[in-house]
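Worksheet: the structure to be examined is printed underneath.
Chain lettering (A, B, C and D) follows the sequence in which the chains are written, and residue indices restart at 1 in each chain.
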Amino acid sequence: MMAVAASKIGIRVNVRLFSVLREAVGVSTMDIEAPVGCTAGGLLDQLAAAHPAIHRFRSHIRLAVNASYVSVDVVLGDGDEIALITPTSGG
Amino acid sequence: MMAVAASKIGIRVNVRLFSVLREAVGVSTMDIEAPVGCTAGGLLDQLAAAHPAIHRFRSHIRLAVNASYVSVDVVLGDGDEIALITPTSGG
Amino acid sequence: MTSSFHKPSGSSWIGLAEDPLPLAEAHQFLLGESAGGVCLFTGVVRRWTGDVETPGLNYEAYATMAVAEMERLAADASTRWPVVRLVLLHRLGNVDAGEASVVVGLACPHRADAFEACRWLIDTLKTEVPIWKDETEYNRITFPIEPTML
Amino acid sequence: MTSSFHKPSGSSWIGLAEDPLPLAEAHQFLLGESAGGVCLFTGVVRRWTGDVETPGLNYEAYATMAVAEMERLAADASTRWPVVRLVLLHRLGNVDAGEASVVVGLACPHRADAFEACRWLIDTLKTEVPIWKDETEYNRITFPIEPTML
């Protein structure tokens, strides 16, 4: 049902990149269209397929939606901000 | 041999008391005559016999000679400073 | 990213800014009549690692999330230990070698809790808070600094 | 007992005095280019323990031995951990509630060592260094203060 709807109506999300991902992809933010019902993991699949740099770091990436860590199966909403978090190194 | 000599010639030592021992005995320092060959533990025996307050705290007392912790069997010398250290509570 | 380390009103002082860290103020904030033990950790950019010199580091953050995570960690710490006061300040942008990049402070009634909570906070900050250090970016900012990040 | 906390010349700052502890100077002394982790512990006289109020404490020491023991503990710490700088200052006499009685600081290349050495030093100071706290002696000194103690 979702899959059918997704092919008809899209959502727009904003993707944030930092550190090595920002450098490798060359941008710090991307506006992306995704199918309705798309999960955070599904979006990461789509991004990894489009960007070799994201594919390369993929196993190290944690996902955040609207500034909170989420699991890959969380469903995205229109206007969400998705951040791809590579291992942090603050301190 | 030592015991014989000890009964003939004495040494003078200075005993330092602090905290509960100073309060209980009522003085912070005592000049004591002891036999030559007297050990730190021997001096503590002598003090405990003379002062009920020292006897009472005896099992909690560590001994220091000239500002270093010593074992009870160290032999005292003339002019030594012996401190009776009850459990410390700095910090 | 022009915000500074504003003085706190409550019992926690959490911040992320490009300014030098207010170390003396942070220590002073932790001292008081109800905390017997105050543990303050300061992370400093080391100039030398063996023979390799580091003139400085650049710290980048996903700032809105970093602050939210720092607030969450502070709340977690307060459920796990009897926290009287807490400081968690991280610097961003260029930090020269010898300067402090992070300060974590805990005031608790007893020292064991202050040590444990402080150690947990700095360890957890490093793995959970979206901040990244980069030596190559030091004094070479090639990406736009977003004024709306904080 | 009129000595104050003289500034150190080497890499260790050890002292015992009646003056308020120089906390900001102690922290500053630990910061530098070769230590990535600085752990500073401050012990404060708590006013309240449950419902019991403590207006302050009096600290008494066998001062010559206390300083010698503090030097020995500092040397021990430096053999067990890679210590870059070390602070060990204890206050004597009357200390009001809310004021610091002891400060222990360690600067090491890495934070785990700084935390461990700092914790070890304060724990060992409490059991080994001949200093005694006494609530009843606070503001009621009945024994002569010896000017030659330090």
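The rule is simple: contacts are C-beta pairs under 8 Å (C-beta built on N, C-alpha and C of every residue); 3 or more make two chains touch, one makes a residue touch a chain.
Bear in mind the structure is a predicted one, so any value in this text is a computation, not a measurement.
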* Counting one step per pair of touching chains, how few steps separate chain B from chain C? -> 2
* CA centroid of chain B to CA centroid of chain D, Å -> 28
* State, to the nearest whole Å, the distance from the C-alpha centre of chain A to the C-alpha centre of chain D. => 52
* Asked: Whole-Å distance, chain A centre to chain B centre, using C-alpha means?
  -> 75
* To do: List, in ascending order, every residue of chain C touching at least 2 other chains.
  => 43, 111, 122
* Structure fact -> Touching two or more other chains in chain A are residues 91
* What topology does the chain contact graph adopt: line, ring, star, complete, or other? -> line
* Asked: Every touching chain pair, please?
  -> A-C, B-D, C-D
* Structure fact -> Residue positions on chain C within touch of chain A in the complex are 43, 59-62, 64-66, 68, 90, 101-102, 122, 125-134, 143-144, 146
* Once bound in the complex, which stretches of chain C touch chain D? -> 23-24, 27, 30-48, 97-98, 100, 109, 111, 114-115, 118-119, 122
* To do: Under the touch definition given earlier, write down the residues of chain A that touch chain C in their complex.
  => 16, 18-20, 22, 28, 64, 67-68, 83, 85-91
